[in-house]
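A, B, C, D, E and F label the chains in the order they appear, each numbered from 1.
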Amino acid sequence: MIPHSHISEVPVTAAVITVSTTRTKAQDTSGSKIRDLLAEKGITVGWYAVIPDDISSIRSALAEALLTCNCVILNGGTGITHDDCTIEAVEPLFSKRLDGFGEIFRMKSYADIGTRTVLSRALAGIIDKKAVFCIPGSTGAVTLAVSEIIIPEIRHILTHAER
Amino acid sequence: MIPHSHISEVPVTAAVITVSTTRTKAQDTSGSKIRDLLAEKGITVGWYAVIPDDISSIRSALAEALLTCNCVILNGGTGITHDDCTIEAVEPLFSKRLDGFGEIFRMKSYADIGTRTVLSRALAGIIDKKAVFCIPGSTGAVTLAVSEIIIPEIRHILTHAER
Amino acid sequence: MIPHSHISEVPVTAAVITVSTTRTKAQDTSGSKIRDLLAEKGITVGWYAVIPDDISSIRSALAEALLTCNCVILNGGTGITHDDCTIEAVEPLFSKRLDGFGEIFRMKSYADIGTRTVLSRALAGIIDKKAVFCIPGSTGAVTLAVSEIIIPEIRHILTHAER
Amino acid sequence: MIPHSHISEVPVTAAVITVSTTRTKAQDTSGSKIRDLLAEKGITVGWYAVIPDDISSIRSALAEALLTCNCVILNGGTGITHDDCTIEAVEPLFSKRLDGFGEIFRMKSYADIGTRTVLSRALAGIIDKKAVFCIPGSTGAVTLAVSEIIIPEIRHILTHAER
Amino acid sequence: MIPHSHISEVPVTAAVITVSTTRTKAQDTSGSKIRDLLAEKGITVGWYAVIPDDISSIRSALAEALLTCNCVILNGGTGITHDDCTIEAVEPLFSKRLDGFGEIFRMKSYADIGTRTVLSRALAGIIDKKAVFCIPGSTGAVTLAVSEIIIPEIRHILTHAER
Amino acid sequence: MIPHSHISEVPVTAAVITVSTTRTKAQDTSGSKIRDLLAEKGITVGWYAVIPDDISSIRSALAEALLTCNCVILNGGTGITHDDCTIEAVEPLFSKRLDGFGEIFRMKSYADIGTRTVLSRALAGIIDKKAVFCIPGSTGAVTLAVSEIIIPEIRHILTHAER
């Protein structure tokens, strides 16, 4: 068992990666929302980028973010249009998949938007003892995922993953 | 963002494939139920077949259905008996898996039949920009899946998948 | 359809495998809890072991258990620490995965422990017509999984899997 | 052991599928070559098509061919250009992969064209007890694969696969 | 670099597992041949069994063999008949696959039996720092694999795998 | 068909990544050999690093190299010791695998070092229309792979991959 005092002390450095071919940083409402939510809880954002919807750009940004951050939140590109490829880029890199993250996200999202949530392919996993989350790029989705799941659990996840 | 008026205009042509080694079309209660539910909502069924539980028959029927239909509903063969192979036949063909479909189906099914739902391997995904659903072949299961998830979301799914 | 009278007669022989590098049998609270829960419902435990957290030990114990038991319950090693490898050991061996088991476990667990449940990688599947469950090694988790899902459904699962 | 007399009697019905977005049947030199080579050895070609380079067209043609043929030869689309997707379409469908087919093809091809053969992703496997071969669409490649490997071994392969 | 003197001292304990539903130990010509070849080179055979062609029996025998042996040679069940499942049982257990073993086996086998070798799915890999080989169950195949590849390389393989 | 004149004009920018936990650049004999061999043939090396044997460092270096180079040669970490993880890091990233590269490498290497080559897990594939090669880190291996396969074929590979 890990004592609670220990968990609350785990340092978290977050990276926010917005996957969008059309947005600039100035237009990145969802990325901005994530950064605000993290800042409110005293979590440092050590890396931020808006990158296009292609597998190489996503993997390259993720690789760079993982050099200095232990919690990477990618938003956008998780849907089912032809261009959406965040899941395709990230999933093969997981050493451990956290199926529960997508399930709980969709269970909670169902309460808000009903069966529409079946279109979301939200997903999380562990890469090199660090936590990586892929979430939809709407303001509602990032608020739900970050406030209700990621922030409450990130220290617990990292305490385990880093052992 | 896709305007709602656009979504409601997406044309849907459904295929219904009942996977059963023992049934004839005359005895195909679940397939008949699906067709009735779709017809009530004005969705055309462009293709219908009852086929045996083997991987080649399932893939061949699915390939033929996808030539003219953009929403294929396979029912039956999703359980765990030795003969059940609908999931095995269809899952490798998905370009994108919709994990949320199976989850929301089982979450709703849990309300009806409790933990019995763990035996269902319901699953959905995208093949060639078209939606494919695999659901259990009982009347209860097809009613839940078709009325409560597929019909409400199919136009939204296709609007995204076809982009 | 399988008549209910037939289902209730399916013989179940369970194996309990506790995955823990630090526990002895005397300290194995969760394994002991599982055995008590099964005994209360008249299910024979034909095989029991406490084994260390490594892939070979887990697969070796599982292989031995499957020679005489048709319901294997592994507990422990399902988290995300570096040492946790029960899922890694067992998942590649499944001929059919029961996604619903992990989902319903986490949905129920969410009611108890909230979003903390995203750390659980509980999972079940079929190996050689037998049922195999991987669940967390806490007393709460094993009680939930065994009392509320495994015991109520095991005969139904085996009736299908053994056909 | 299977007696040789039995092997020589195995009926073979071949399908030839040429994967090319630009060719017509009249221009299909490699497909025509395969059909001639098979005909010379008395092997019936029961199905023939020229289809475009996309995963759905390939899987649909393959599914149809497998309904009546037990030896399917796809040629073309096995390289590494962006459009080449024959391997991507077919490989996930194999129940058993025959690694040796690609290896022996490239070993022999190396004698003809040297290291250039590393660009070929020739591959074979079993789908539903039938043999499926994916080979490059040049006349040299189809002649090598069909005359030197497929024709000499097809009856032996089917004798085993059909048991 | 590992000095040669060190390599020649690596202790090897072999297991021989013959996969055959019809043979007894008395009729096990290929298993007997393997044991003789190993004995001639002073390699101890610490475990020997003839087991039926099913995934559970194979995995269970393999798990038991790996408790005391660091070189396991399975022979039989590597072909493409419906019953052949040695590859299916063993491949998912590999932590590292040695593609070169099957390639060199088939390259050498080609010199003996020509293109017939494409039917062999011979394969090797590492499980828990130990070497596991799957080879066809004919006397010719086991002689080639054991004399010409396994015996010459086993100490080198184990020196690396055990580090 | 692609005219030969076009192939010889394809620009190649190479990256050399040596995977070794113990070497410095000054001690990097194999990386230095690769750079010399490329320079002799007028191929620019646009990126060079010596990095430790861990999956994150390898993926991060590869992602960075792919931003500016279209031919990445990783050497070292392809064996079977516990630390070797170059294949594990790179293989999941391939959009197309070139099985023939490893096969031809081992076929040629067999002529030099005999069956010892079965220990090499050399591998190549395409990532984002660029070529990536993983080869052993010995001087002999890099000389063989680079002089006899990569240099002769790289322009041909890129001509196809970039289309």
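What we mean here is this: contacts are C-beta pairs under 8 Å (C-beta built on N, C-alpha and C of every residue); 3 or more make two chains touch, one makes a residue touch a chain.
In this text the structure is predicted, and so the values were computed from the model without any measurement.
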item	value
Smallest number of contact steps required from subunit B to reach subunit D	1
Mutual neighbours - chains that touch subunit B and subunit E alike	C, D
Between subunit C and its twin subunit E, rotation from the CA superposition, multiple of 5 degrees	180
Chain pair with the higher count of C-beta pairs in contact (A-F, E-F)	E-F
Same-residue or different-residue interface between subunit D and subunit E, half as cut-off	different
Whole-Å gap between the CA centroids of subunit A and subunit C	30
Centroid spacing, where centroids are CA-atom means, of subunit A and subunit E in whole angstrom	45
Per-residue multi-chain contacts in subunit B, two or more chains	103, 107
In contact (per the touch rule at the top): chain pairs	A-B, A-C, A-F, B-C, B-D, C-E, D-E, D-F, E-F
Residues of subunit E that touch subunit D when the two form their complex	79-84, 87, 102-103, 106-107, 110, 114-121, 123
Subunit B-touching residues of subunit D, taken from the complex the two chains share	54-56, 59-60, 62-64, 66-67, 92-93, 95, 127-128
Subunit D partner contacts - residues on subunit F that touch it in the complex	96-101, 103-104, 107, 124, 126, 129, 148-149, 152-153, 156-157, 160-161, 163
